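Down below are the structures I want you to see.
What follows is a pair of complexes built around chain A, which joins chain B in one and chain C in the other.
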Partner chain A sequence: MSDEPLLRVEGLKKHYRVTKGVLFSRTLGHVKAVDGVSFTLRAGETVGLVGESGCGKTTTSKLILNLEAPTEGEVLLDGKPIHDLDGAELIAFRAKVQAVFQDPWSSLNPRMTVGRTIAESLIVNGWTQERIKARVSDLLVQVGLRAEQATQYPHEFSGGQRQRIALAAALASHPKLIVLDEPISALDVSIRAQMMNLLKDIQAEQNVAYLLVAHDLATVRHMADHTVVMYLGKIVEQGPTESLFRDVRHPYTKALFSAVLEARPGAAADEIELKGEVPSPLNPPGGCRFHPRCPFAFDRCSHDEPDLREVSPGHNVACHLYDAVETGKTSDAVRATSPAS
Partner chain B sequence: MNQDTVLQVRDLATYFELRRGVVKAVDGVSFDLRRGEVLGLVGESGCGKSLTALSIMRLLPKGGARTVRGEVRLGGENILELPASRMRDIRGRRISMILQDPQTSLNPVFTIGEQLREAIFRRAPAKTAEIMKEAVAALRRVEIAAPESRISQYPHQMSGGMKQRVVGAIAMSGEPQVLIADEPTTALDVTIQLQYLKLLKRLQTETGMAILFITHDFGVVARMCDRVAVMYAGRIVECGPVAEVFERPAHPYTRALIASVPKMTGERGRLATIEGQPPSLLDLPPGCRFAPRCNLAEPQCIATYPETADIGPAHTVSCWRSDTR
Partner chain C sequence: MQRLPWIPILIILTIFAMAIFAPLLAPHDPIDQTLKDKLLPPFWFEGGSTKYILGTDAFGRDILSRLIYGARVSLLVALLALTVGGGVGLTIGIVAGYLGGTIETILMRLVDAAFTFPAILFALLLSVTLGQGLGTLVIAISLLLWASFARIIRGEVLALKQRDFVALAKVRGCSTLRIMATHILPNVLNTFLVLVTLNIGVVIIAEASLSFLGAGIPPPTPTWGLMVSEGRGRIADAWWVALIPGIAITLLVLSVNLFGDWLRDRLDPRLRQL
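Right after this comes the complex of A and B.
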C-alpha cells in the first residue's frame, strides 16, 4: 500500500447545466467548471491549487470534500471512491477530510461557544463529554489559544484568532487531509505569517496533508510541495513546487508569475501583460483554452487541444510549444524568446 | 507651502465618540501630496488609512465619526472649513475617489452611460448628444473595448475588472488634481490587477494628477508608488521614497511587516512574524503605539510618543530606536 497516495483525483469533471425558463426549461449549455482534472496527494504533503477566479479550483475542492457529485471521473481516498460512500462510511470520511475556509467571520456559528464548534465533529462521532473536554483544551493550546477560551463566543476574537479556531475544529477528528480554501487571504499581513507558520508546524507534528487553494503564488511557494496551475477548468501545468517555480513553462503560468507584484521596487522587468479577460466557461474557446490570450499562439493551438506531457521529472505542461520537446528544438526556442520582447 | 504640493494634510484627527469612550481612529496624520506623484498609504486593517481618506473627502460614515482637528489644504484652501455646498462642487472635480469594490460603487439600476453622463454633466452642462460623445471618449480612455455598445449596458453585464475601469472613468471625468484610490485592485484577479495598475499609471502620467494610493499590499506599493507612508494605530510611523523605505526601513514595524511577506525568491523557511495584536483604539498607550509588540522597546518608548525625525532625504520616522537598525 505504500505506493498508493492518500488522495487520487482521476479525470474529474463537473459540468453545470445552464437553463432558461421554469416549467419547460431548455438547456442553453453547460458551464464546464472542472473539465478533466487529475492529480495525486500523498500523506503529510501539501498540494497548492492556483489560478484566477473561475478557473475551477474551488469546484475541485468541493468535489474532493464530497460536497458536490462529479459529472465524470473519480476521487479516491486511500484507494476508495468517495462519491459512493453513505451512512457510517460517509461519517468516517467526513472525519478524515476536513476544511478551513477563507472567511473566518462566516465559517463560525456566532451563537455557539468556540468550544462547542470545535467539539461538533467529536459529538457526531459519539465521544464522551470528558474526552471531548480534554480534546478541545488540547486543540486550543495547539493552535496557540488558551484552554479557558473555549467558553467564549466568536465575536470576542480577532480574524486571525477565529481562523485558528476554524483550524482547531478541523483538526478535532484527527483528519488525514485538510482542504484549505484561501486560508489566509482574509487576514492582515502581519497575521498571515503567523497562520502560515502554524499550519506548517501542525503538518510537521501530525503528518496531515493539505490541499491549499490559493491565488497568491508566494503563499503557495512557501506552503506547497507540489503546485497545480488551473485555467478554465483544466490543469495547464503541474509539478514539484521547487522545479515549477524555477522553470515556469506554460505561457499562462508565465503570465501569472509576471503579474505577481513583488515587494521590492524595480522588480518588474519582464512582465507579460495579458490582453482581455478570462473567457466564459459556458463557451470556452476551442483548441487550447488559453490561445486567444496567448502571446505565443500559433495555428495548431486554435483547433487542437494539448495534453499534459512531462517536461522534466514530475513536471507536466499542457502546451503545444512543448510538443517537440524530445527533439529539444522548440522548447529552447521558446525559452530564448523572452516574453517581453 | 511648496509650489508643487496639491494636497497638504496637517495633524488630521478623526474620532468616533461612543458611549464606551472615544475611538481615536485617525490621530494626528500629516503628509504632503505633490503634483504628479503617487503616495502609498499602507497599513493593516483598523490602522485608519481608509478613514484618513474619508476625512479628506469629508464623507465620514454616519454614527459618531467626527474630524476633531487638523487641516486639509487643497490648493491653499482648507477644505475642512468649507460649507457643504462648496465641498460638493470640489468632490469629483478637484478631488475624486475610487473605492475597493466596484460592485457597490456603481448603481445597479442605471446603465453605465447614465452614470457617466451624470458625472460629466455636473462638471460641464451640455447637450445630451455631446455628453454621450464625451462619455464614449471617457470609456475609451480607460481602455474599454467597443465603448459605444458598452455604454447602454448595466453593471451586472460587466466583469469586475471592467466595472472598476468604469468607476475610474467616472472618477476621472472631472479631471481632478487629486485622486484617492482606496484598495482599487484588492477585489481583482492578479492579471487584471496588473492591467488596472498600468492603466492608472498611464492616465496619471498623461494628466499629471496626484494619487493617494491606499493599500495593504507591499507589492502594489513597490509597483505603483513614488513615496510611501506607513500607518499604525491611527498615526503615520514612517514616510519616505519607496526604494529607500524598502531598502532601509527605519521603523521596527515597517521592517517586521516587510519581512513577514512571503517572497517569490530565496529561502522557503519560516516567515518572520509580529507577535501580538495592535492596541485598542479606545485605550491607547501614552508612548509609542507599537512598543508592546516591539522587540527593541525601552522604558522611554513606553513612556512618551517619539517625535517625527528626519533620517534621510525626505525620509521621516517616529521611533526612539531608529538608530538601531
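Right after this comes the complex of A and C.
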C-alpha cells in the first residue's frame, strides 16, 4: 500500500453563523459544528466516527461528500483537495465518493424506478443504455435483490430492501469511498446484521473504503478498522478499533462505553454516568470542552485545551490526564476506571 | 383506488367535442339575431319552441348555438392561460425554492408584488394598450395566476429539498438543472395538477368578468362568461339566459375537479394498484 492515504482530512472546521433579524441582521456568534478535525482513511479500510447527537459527525461527513464547503481546513482525496474541484473534475470526484444515508424512506425518489435511481451516477457519467442496464442488473443481484425489480418503485420495498437499493446506487460508479451515515440504525434489529455483513462482503470484494458514521459502538466494533470519537466538534480519542476498544482512555469515551448495556448484568463495575446535557456548540466551554461533565476534571482542564497525544501506537487521546504519561507518572484515577477487555 | 370517473370524463369530452365540432353541431348561427323570437324559454316550457331547444336571449340569438361556440373560447382561454400562467409559476416556484438565497428573495418579493396588484385593473390597462382580444385575455389571466402557483410550488420544493434523495442526487454527480428536472419537478407535479384543476374555475370566471367589463373577447363572439353576464340583468323574468351557461360552467369545473382528483391519485405511485 502506498504511503498516501485515500482520504486525508486536515484541520477541518465548519462554523455556522448565527444571526438575528432579517433586514439588518447581526451575528450573534458561530456554531462550531466541526472544529479542527484531522484523520486519514486508507483504501479498503473502514473508519468509524462515533459520538452523541450534535457532535459534528454528520457535518464532517457532509464536508467529505463536498455537499458543504469548510470554513477552514482541507479534505484531500488521493492527495487532491476536493473543495475547489469543478466541471469534469467534480464529476470524477463524485464518481469516486458515494454515500448511503440513514433514512431509507427519504433516500429514494418516490417517483423514480429503482433501476433509474441506481443508474443515476452512470447516466451522469455518460454510460450507454445497454451497459447501464447490465450494470443495474448486476448491482441488484449483488445486494440480494432480483434484476427484474429494477422497474419497480421504492414504495414496493421494505426498509431493509430500500437500504440495499441505496447501497446498490452508491456502488454503481465503482467508488473508492462510501460515506455510511448511520446506515443501519433505522433498520429493524433483525436485519441489521444482514446489512452489516453485506457491507463487509462488498468491501472484501471491491476494496472500497468506508467512513462509518454511527452512534452505536457495537456496529463500529464489528465494522471499523480505526475508530474516531468526537465530542462537540473535536476529536477526543482515535486509534485502531481493537486497541481503542481494549484500552479506552478518554473519560468521554469511557462514558460512552459504560452507556452500552452489558450482555452480562453486573459485569460493568466501574460505570461513568454523565450528568447534564451536551453544552451548546454556540458557546462551548473554555479549556477542554468536556470538562464541565468530566468526573476527573481538574484545574488545568478549565483553561487549557488539550491536544491529541499518542498514548500507544496509533492511539491518540486529547486529555490532560495523559499529560502525565509523558513525564512518566500514571494517573491512578484513570487506570482504576479502565474497563477490563 | 377510485374507479375511473366516467361521468366527469364524458362531460369533459362532450364539451371538448362541442368546441371542436361547433360549426357542425350548432343549429343556428350564434350571432344571428332574430328579434321577433327574443327571450324564448327552452322548448319544454310554455311558449318554448323546438326551433330553439334551449331558448333565446334578449337579441333572439339561439342559446344552444352560443353555448356550443362559447365552449371554444372558454376552453381555449383556460388552456392557454393555465399553460402560460401555470408554467411560469411552476418554473419560478421550483427555481426560487431549490436555489434559495438572493434569487429566492427577489422572486418571492415579485410574487408578493403580483398579489398586491389589482389584476382586473391591469387587464383593463392591457386591453386599452394592446387592444381587446384573445392574447390580451390570456396575458391578463396569466398575470393573475402565476403568483399563487409560484408560492405554493415553492413551499412544496422547500420541503422536498430537505429529503435525502436530493442530497444523494448531488452526491451521484447530478447538476442543479438535472436535480430540478428529474427529482424536484416530478415530485411537485401532483400539486401542480391539482392547482390546474382548481384554477380552471378561476380562469373561466376571470374570463367572464373581463369579458363583462369589456376587456375580454369583444361581443358578439359568444363566451360562457359573457353569456352569464348578459343574462344577469334578466334573471327574474328570463332566468335561462344566465342559468344555462352557468350550469355549463359548473358542470365543466366540477368535472375537471373530479377528474383532477382521480388523476392525482393515479399519478401517485404509492396509491397505484398493481
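Assorted remarks:
Here is the rule we go by: the second predicted complex is superposed on the first by the 323 of 341 C-alpha atoms of A that agree within 3 Å, B and C clash if a C-alpha of one lies under 4 Å from a C-alpha of the other, contacts with A are read in each partner's own complex, and residues count from 1 in each chain.
Here is the rule we use: contacts are C-beta pairs under 8 Å (C-beta built on N, C-alpha and C of every residue); 3 or more make two chains touch, one makes a residue touch a chain.
What you see is a predicted model, and the numbers here were worked out from it, not measured in a lab.
If you put the two complexes together on chain A, you find that chain B and chain C both fit without a clash. Using the contact criterion defined above for the overlaid structures, shared-chain residue A:52 touches chain B, although it does not reach chain C. Contacts of A:256 after superposition: chain B is touched, whereas chain C is not reached. Contacts of A:147 after superposition on the shared chain: neither chain B nor chain C is touched. In the superposition on chain A, contact is made by A:219 with chain B only, not with chain C.
Touch criterion met: A:98 reaches chain C, while chain B stays clear of it.
In the superposition on chain A, contact is made by A:189 with chain B only, not with chain C. Once the two structures are overlaid, the count of chain A residues touched is higher for B than for its counterpart among chain B and chain C. Applying the stated contact rule after C-alpha superposition, one finds that A:106 touches chain C and leaves chain B untouched.
Of the two partner chains placed by the overlay, neither chain B nor chain C lies in contact with A:76.
Across the superposed structures, the minimum distance from chain B to chain C, using CA atoms, reads 11 Å. No residue of chain A contacts both chain B in one complex and chain C in the other. Per the touch definition, chain A reaches chain B in the complex via residues 52-53, 158, 188-190, 192-194, 196-197, 200, 215-219, 221-222, 245, 255-268, 271, 273-274, 277-278.
Those residues of chain B that touch chain A in the complex are listed here as 44-45, 159, 161-162, 189-195, 197-198, 216-223, 242-243, 246, 256-258, 260-264, 268, 270-275, 277. On chain C, the positions that touch chain A within their shared complex are 163-165, 167-175, 178, 182-183, 186-187, 269-270, 274.
Only residues 65, 67, 90-91, 94-95, 97-99, 101-103, 106-112, 117, 120-121, 124-125, 153, 155-156, 166, 169, 173 of chain A touch chain C when the two sit together in their complex.
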